[in-house]
Amino acid sequence: MEFKLEDIEETFNGEIINKISNNEYLIKIQDKEHHLQILNINSRGMEFLLDNHFHSVNYIENQTAEMKIVVDGVPLTVNMHTKLDEIVYRNTGGADTGSTQINLRSQIPGKVVSIEVKVGDKVKNGDVVCVLESMKMQVSVKSHKDGEVKNLKIKEGDSVNKNDILAEIE
Amino acid sequence: MEFKLEDIEETFNGEIINKISNNEYLIKIQDKEHHLQILNINSRGMEFLLDNHFHSVNYIENQTAEMKIVVDGVPLTVNMHTKLDEIVYRNTGGADTGSTQINLRSQIPGKVVSIEVKVGDKVKNGDVVCVLESMKMQVSVKSHKDGEVKNLKIKEGDSVNKNDILAEIE
Amino acid sequence: MISKVLIANRGEIALRVIKTCKALGIKTVAVYSDEDRNSLHVKNATESYHIGEAAPAKSYLNQEKILDVILSSGADAVHPGYGFLSENSEFAGLCEKNKVTFIGPSAASMDLCGDKQQCKAAMLKAKVPTVPGSPDLVKDADEAEKIANEIGYPVMLKSVYGGGGRGIRIVNTDQELQGAYETVTGESIAAVGKSAILVEKFLAQTRHIEYQLARDKHGNTVHIFERECSIQRRNQKLIEQTPSPIVDQETRDRIGKLVVNAAEAVDYTNLGTVEFLRADNGEFYFLEINARLQVEHPITEFVSGLDLVKLQLDIANGEPIPFKQSDLKMNGYAIECRINAEDTFLDFAPSTGPIPNVTIPSGPGVRCDTYLYPGCTVSAFYDSLMAKLVTWGQTFEESRLRMLNALNDFYIQGVETSIPLYKTILETEEYKNGELSTNFLKRFDIIERLKEDIKKQRKDKHLAAIAAAVMHSTFFQSRVQSSTTKNPRWKSRMDR
Amino acid sequence: MISKVLIANRGEIALRVIKTCKALGIKTVAVYSDEDRNSLHVKNATESYHIGEAAPAKSYLNQEKILDVILSSGADAVHPGYGFLSENSEFAGLCEKNKVTFIGPSAASMDLCGDKQQCKAAMLKAKVPTVPGSPDLVKDADEAEKIANEIGYPVMLKSVYGGGGRGIRIVNTDQELQGAYETVTGESIAAVGKSAILVEKFLAQTRHIEYQLARDKHGNTVHIFERECSIQRRNQKLIEQTPSPIVDQETRDRIGKLVVNAAEAVDYTNLGTVEFLRADNGEFYFLEINARLQVEHPITEFVSGLDLVKLQLDIANGEPIPFKQSDLKMNGYAIECRINAEDTFLDFAPSTGPIPNVTIPSGPGVRCDTYLYPGCTVSAFYDSLMAKLVTWGQTFEESRLRMLNALNDFYIQGVETSIPLYKTILETEEYKNGELSTNFLKRFDIIERLKEDIKKQRKDKHLAAIAAAVMHSTFFQSRVQSSTTKNPRWKSRMDR
């Protein structure tokens, strides 16, 4: 599973790779293994030793894609499903060969953070057309085909809904 | 209602006589009125001001006749229904005139603490025949009629069950 | 002899007073508002009386109601704490009239301390320097200019009706003065319809240094050293310490003598505090006398070994102060951090609500005066001070490190607190070096540095956060699966 | 320089050591058994390692396992606390061999302190008086009689194989001696098949007075005053105080010099304690050297202003003690009460279990070192010390009153504690007058007096109890009534 943290650009890969004993786990974060020992757990939080360092975590709010937690008194937001870029790209028909669809539509609601192309630019399949902010993450919307930008339906700061047309690419 | 406390001989009469406001009561204990202000209450305990003195009470165990409580950290046992003597007396037919019943029976289970009469003694209706201990209280068993003690079925230290014959009085 | 003290206050100071009274076998009477029904002072006092609604005017400031309780409880003395009625000479007078000992100065002395102009005049007479300026209102710009030239630029033109920065101008030259005078006059008239202007020397970078004062009814006066309280926000003290890093023994004694003079000048009795501004050039200027026990009294207790509430009671009983100035020796270093319920990033706006959990720090050289307990509530009706965290050390560095440690151990769930701010401040080189001034926060960009610290903390916690997310999402998935989960033990552990 | 300390201990002392290390920026490594998974020392250390099952032999006494953690965590020093491995010279040697600093004396010095006969010989050589008696085993009754006459009656005949009162006789005259010798020999042979008898002066009413000792690796030695620990039960200290009420400055200095001699005689390094018996005639007799930090060290910290754990670390780092004997001045009075989980009326039997709630006392001059928190558990596997409540005052009376107050404020739900016992003791005239001796409890019928106090408390609470019963029975009746009760608000308040 992939995770992204507020303030940090990196995306983190994390998974449980082994249950050593009842309260002891081996987990992998970004190819490094870590030993996790649970001391105390319930639905509101967890106390654990991570590589023998104590941490106390409270879960404040939890949606499928976003989790607000307090780690050792420090509030943080963790985003899950950071493959949104990919999901969005695929759903627009990207990576398929020979799309004939002109309209590039947004697959998610969000706010336009930046526009990477101008009308008249030539783009290739997979080039970033614009960046949306959604669920506190920045998601690149990529062109679903090779072509020329005929029209831009958005400007920076706009809010877009799911399925809104962002650009026409022919 | 009547109450009796461990270590203290006296019997206390206590009742709520007025509800002043939502959390404020006037109660009467032994003919003296006291002001009771509830600060906090739940099924496990109560914090209150009694005549402006703070007390914290936890209810540890509660049976109908006996209540174990901790008052300001001091464990105590309160007995209720201290009119047991009366109840027992009435149930044996006492205070009725002209009982023809020979057997004096115990209306409660208990342990014989003392026997106040000998075989051959003359007793009057209401005279104490023996004392039982029950629910941590001492209960006097009184004669249900005038007569002579013909037979004693118990000795000190015996345990008796409800309805056991204690003495024959003719 | 005082045998029963009514404490006309709430929160940590009520608890503080109760502690000393209890130890001395003196009975205490607490008063409480609707909001404070479940407060610790109600539980810890010998007797407690409800006095009204949450709003201070309807309870803790309600003199008649409090007097009723004094009389019906048979209290023979009143401790006012700080705030509320503590510096209300009318209330002190009411106590005097009812033959109840008010633990503090006489109403007359309190009146004199409270009247800035009169008090300043008394100080000048007693040769206690005050901030140079016009002795009274100036009648026009010309007079203002004359005084400005006497005391030297820069000066402040202040409308006595101003406040919050309005009706105040700093003037650097004769050329600027005329215009500034008109502006201040205009602002004041626009705001309140009238104007009355004072001229005062402008002191650019000042320290707030105050002295603990004690004077008994026999006229014996001592000072119990200084406290430096320069770290403030919006004129409210945040961090106090004693000794001050810039007060040496010669200065301590010299200003201490002025403090004694000041106390005598207003015929002060009991404990009080003489506040000074210390200018960059080393001069001390009298500011005011606080006629009460100060929030920050514990740091003085730490370095003097005295129980100041006991000393208040002894003096109120008419006893002479049981020591001489020369008996007092300063022992070590103490710091106090005022743990406020406030959001540093919302301009210190109050943050209130229930506190489900709290861990109070302790340890060698650590003292925490607080009304907090798990399950209590921080009320919006009263001030934001939840706790006073105080540490002592043989050296300043020891007291500072113990404070940092205690701040780290202090966990308050439910409200924003000033704890992160203090951690940032205590780690700065400027604080360590004693470069203090009342504009410390602004001068050293503390809020920005706090933001950086928080960002850094977030980064430091990223691994733990990811690990927590990994575990939680595993759990979450198992929850949305069917109830015949593969790992029932794990599930039940998570659910319990 | 020590940079990471493994603490080979648990409970309050582990937390105590962590506090100083944290303040000094030294990393800490905690170890914990299955039973201590949720203990505070695990949460507060920089790193924490599980070392085994609850039984001490499988965890806190498991030298190999602890060494493993030392090596894998990279700790460069070990603090042993008290108890467990703290006076185990084998473990100290193991640390030395692995080039890990053991914070305490050398294994060789520890060995010497631990061997009673050898240590006594060293003391005699250093002219530190020990309890008069035969220097070694006596060969027969005649030799015993000869020694008894030298040291003066009454004497004790002690079989070295005895214990628990068996194999011991007090003898008052020559006439009694022969018979007593045979009895002791017989008892010992009956019990263990052999006999070996020592003669020692019998001291009827003794005080336990000990000195805090510090010696650095450069041979600088100081004592940090005495502690009187006479109030005991079954040879375990309950209440300690400093200064001792019968030690004046002349005595303090005189015995203090003996302490320095004792430390030099065994080439002691780091902090230790020299214990003395003080006889009714004023003589001090060396008892033993405790080669570790003592439970009761906080009272010495209070009157000296020192952080003794810091001093331990400094000495372990090879630094010279940063002060001279003459720099040390005793400041005020301190008392410690050991808050044990035990039932005073069941011969101090341990009382264990979960602690749903606890309120820890605080205030001026109050310090509480404890591992308790709401929701913790008092384990049956370890000793009964839950907390050390320590108070300081400018006078003995102030420290005593603060202690009583703090004991009253200390609320521990779930187990029996020694708090009521201490309240009774601290209120006795005998305690106030300093009439202390190791048989204090028996001598002054303390347990009986405690029973009386509890009875009195019960009587004092009777009105509150009746009131509570009245309210509760009303509530109880309303519960058994139909659900359409007359006073739904009342009901919901009760049920929430």
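Worth pointing out:
When the chains are written out, they are named A, B, C and D in that same order, and each has its own residue count from 1.
The rule is short, and it goes like this: a contact is a pair of C-beta atoms (placed from the backbone, for glycine too) under 8 Å apart; a residue touches a chain by one contact, two chains touch by 3 or more.
The structure presented is a predicted model; accordingly, all values stated were derived computationally and were not measured.
Comparing chain pairs B-C and B-D, the larger number of C-beta contacts belongs to B-D.
Relative to the C-alpha centre of chain C, the farthest chain centre belongs to B. Computed centre separation for the pair chain A/chain D is 58 angstrom, with centres defined by C-alpha atoms.
In this assembly, the C-alpha centroid of chain B lies 48 Å from the C-alpha centroid of chain D.
Per-chain CA centroids place chain A at a distance of 73 Å from chain B.
Along chain D, residues 44 each make contact with two or more other chains. For chain A, the set of residues touching two or more other chains reads 53. For chain B in complex with chain C, the touching residues are 37, 39-40, 47, 49, 52-54, 56.
Of all residues in chain C, only 37-38, 42-50, 73 touch chain B in the complex they form. Chain contact summary for the complex, chain D toward chain C: residues 16, 19-20, 22-25, 44, 298, 301, 305-307, 331-332, 359-360, 362-370, 373-374, 394, 398, 401-402, 404-405, 408-409. By the touch criterion given at the top, residues 1, 3, 5-8, 12, 14-16, 22, 25, 27, 29, 34, 36, 38, 41-43, 46, 48, 50, 53, 55, 57, 59, 62, 67, 69, 71-74, 76, 78, 80 of chain A touch chain C in their complex.
Across the interface of their complex, chain A is touched by residues 411, 454-455, 457-459, 461-474, 476, 489, 493-496 of chain C.
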